[in-house]
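Here chain A shows up in two complexes: once beside chain B, once beside chain C.
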Partner chain A sequence: MSFTLRSVKVPPNSVSLEEARHRVFDFFRAACRSIPTIMDIYNLQDVVAPSHLRSVVAAEIRKHSSVTNPKVIDMLLFKAMEELNNITEHAKQRHHIIGQYVVGREGLLQDTGTKDQGASDFLKEFYKTNYF
Partner chain B sequence: MEFLLMNHPLDCPICDQGGECDLQDQSMAFGSDRGRFTEVKRSVVDKNLGPLVKTVMTRCIQCTRCVRFATEVAGVQDLGMLGRGSGEEIGTYVEKLMTSELSGNVIDICPVGALTSKPFAFKARNWELKGTETIDVTDAVGSNIRIDSRGPEVMRIVPRLNEDINEEWISDKTRFCYDGLKRQRLNDPMIRGADGRFKPVIWRDALAVVAEMAHKVKPEEIVGVAGQLSDAESMMALKDLLNKMGSNNVWCEGNGSNRDADLRSGYIMNSSIAGLEKADAFLLVGTQPRVEAAIVNARIRKTVLAKQAQGWGPDTLLEIAERRHPFSSVLLNAKNPAIIVGAGLFERKDKDAIFSALETIAKYANAVRLDWNGFNVLLLKAAQAAALDLGLVPESENSIESAKFVYLMGADDVNLEKVPADALWFIKGIMATGVDDWKIIRALSEVAGVKLPYDTLGAIRSRIKTVAPNILNIDEREPATFSFSIKPESTKKMDSAPFGTAVDNFYMTDSITRASKIMAQCSALLLKK
Partner chain C sequence: MASLAQASTALSTSCKPTLQALSSRVSSLKSVSFSITGKRFPSLSSRPGRLQVSCSAKPETLNKVCDIVKKQLALPDTTAVTAGSKFTELGADSLDTVEIVMGLEEEFGISVEEDSAQTIATVQDAADLIEKLVEKKA
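Right after this comes the complex of A and B.
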């Protein structure tokens, strides 16, 4: 099996925060470039637009916006690259992509909040779990 | 060390005691790494001691701790030493099961792996278990226990030392009931559909249905019954909820429907469990401590040893109260007489008359003084005392007969035949759903529009503090302030029906023990007389 993105490597260490930051942008560009392929191989035209996938990638990156340690950023980048490789290599199946990046973590049962409007925090927590 | 190990098998890797074995520890500290014994090791036939204790008698080192325990603490002369020399062995002489309620304790006192737990055999190693120190709920004694778990599964229950309560013993029910926790559990709230079948629903729907039903009935038709295993927090929440809805018909099962909770001395063990050792005469009324509270029985036995308990009927009680019975003089001559009343009497209609007769006895026998309070009530269920402390007493005696909406908070033993057939039910089993009871009540209160003012355990405890501060006085025994001397006199007559037995089957008294396979085996094998 060939790595289609073998050229985009994550070198072991970023010297400075600046370099790590650049690598993040490089990764984002690489991800954006592979989005058309991903749409193609997973047959996603009906379920999602490329712009949505781009913003999902951006959101995943922004989730870690508070990280300032270059080593940690490198590690996160490595994991991101691994994930991207897996996706472009077709190591995943369609429902993985849809479940993880199209529908999102909350799943299909997204609570719009109409039922629990006016309910206290306690009640909202109670409906979710016993452990709070 | 060498002599001890001479005849001890080298099966530590397959022995259940491995890792908590006294002999293993000793030989690691003092033993030699090689033996000089070349002959054949002796072997002993295993004994069948019943469904609880597994025996591998070859491992026995003849310390006779189990014999001493059975004779001196449990009070059954089942075990003994047979043979002599190398033929010496522990046994029952004739094939006989160990029928004591405390038999499980021989597992703890056996220093080697000769007596181990049968249900726990080959289940886990003690170093992979996580211990959680807690209190037992299968009876009203409150034995100190440690629950050993591996992951989410309870693997075994062992006692903790507390000289004031259970010393170092626990009853077999406490020790072996844990497999009942694994069976017949509810995972989701359920609602009975039109076809009579239960359908799992989500909490939002369940609470909405219950809240709607609660609003359909009149406030005085709402009844709440707390189960015998309920915690104080949930009972507080239940009482507050029902009070807010306008009903005051809430009680705890086992407490009967006409308990007055005004005097704390009327429902607690006033001389304390450890204090029973000081007593020199016992009058047991309507109680059989052996099955109702095996640990208290061991304590009483420790004190009286030679004397025997007698079964009294109401007539005899009246005779003693009127000093016509020979036992009256025993009570009069005793320095610290102890009267123990069974909580089974709470359910009797003539309860007030019985209690006033007992108070007469206590008065002339001088059982309640500044330095000694010998008037004791032996409760049956774990939740009873806290329920009375929190004031869970029904407003009217016959509230269940006119009930339209019944909230059973884990109450399984309520006599529901009296409830009218058109009542709307809300039954919640004790082992429901793995959700804390008080959280359900708190959530229900909000859905029903009578929101309770607490969201956290801390907040609910501070609410309890305003009602019954003694409950939060942890690690210390809180004696009752007033005795019955300020209670108004009762003029009711006693019923001559004999006192029934409060506990028919020691091994099965609540929903956990009834679901337990081991307890079922015990009642099949050990109760046969």
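Right after this comes the complex of A and C.
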């Protein structure tokens, strides 16, 4: 099986933050360009729009926007490339994609209407993110 | 795809009448200097087969770019997105700029190279680059 369609080559560590930044943007462009293929593979045409997937990828990148160590950025990019490869070579399934990238955090909680009434604001923030 | 076809037909129909008028005038007068309203054709006398159009971005392209920018940055309709407004002024960081370029790529069906993407700073830059790529493609 061709499990390494886009071979995850490990380039030497980025020298500076600037180079790491370039790599992040290159990765983002590669991800955006493979979005049509992904929508084709998993039949997501009626479920989500490409712009939504783009913004989800951008949000994931922004989650770590405060990192300054180039090596950490390289590590995150490695994981991201691995995830992208897995998705594009159909190693995942449709419900994985929908659950992880199409449905946001609110989507999982929106069914719990009456249960959430008593929840405090602290809990609501807590469910959303680590940093508040 | 439909928008691309429309843009290419609009461009060709707007160029054709002036080209026909030009060729008739060149054959009758055999002179280089003629006044054309709007577009200039500097190299037409030397190479009649090749057409060089140097016009700024069309307003419909510009409008589409503005729409995409507004949607991407979630700006309310009150903020004025003009041709000269920079992306950083509108509150976009570098990742937003790349995302906008990707959105434009998808909308117009073009493929922007990386170094040309670096030079985009204002809405006008983006619209001009799109025009160039659309023409090259058509």
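Operating definition for what follows: the second predicted complex is superposed on the first by the 100 of 132 C-alpha atoms of A that agree within 3 Å, B and C clash if a C-alpha of one lies under 4 Å from a C-alpha of the other, contacts with A are read in each partner's own complex, and residues count from 1 in each chain.
As a working rule, a residue touches a chain if its C-beta (ideal position, glycine included) is under 8 Å from a C-beta of that chain, and two chains touch if they have at least 3 such contacts.
Just so we're clear, the structure is a prediction, and the values are computed from it rather than from any experiment.
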Does the superposition put A:61 against chain B (first), chain C (second), both, or neither? second
Comparing the two partners chain B and chain C, which touches a greater set of residues in chain A: C
Counting only touches as set out at the top, which of chain B and chain C does A:127 meet: first, second, both, neither? first
Any idea which chain A residues touch chain C in the complex? 21, 24-26, 28-29, 32-33, 50-51, 54-55, 58, 61-62, 65
Of all residues in chain B, which touch chain A in the complex? 202-204, 434-436, 439, 442-443, 446-447, 451, 455
If you look only at chain A, which of its residues touch chain B in the complex? 115-116, 119-123, 126-127, 130
Once bound in the complex, which stretches of chain C touch chain A? 71-72, 94-96, 98-99, 102-103, 105-106, 114
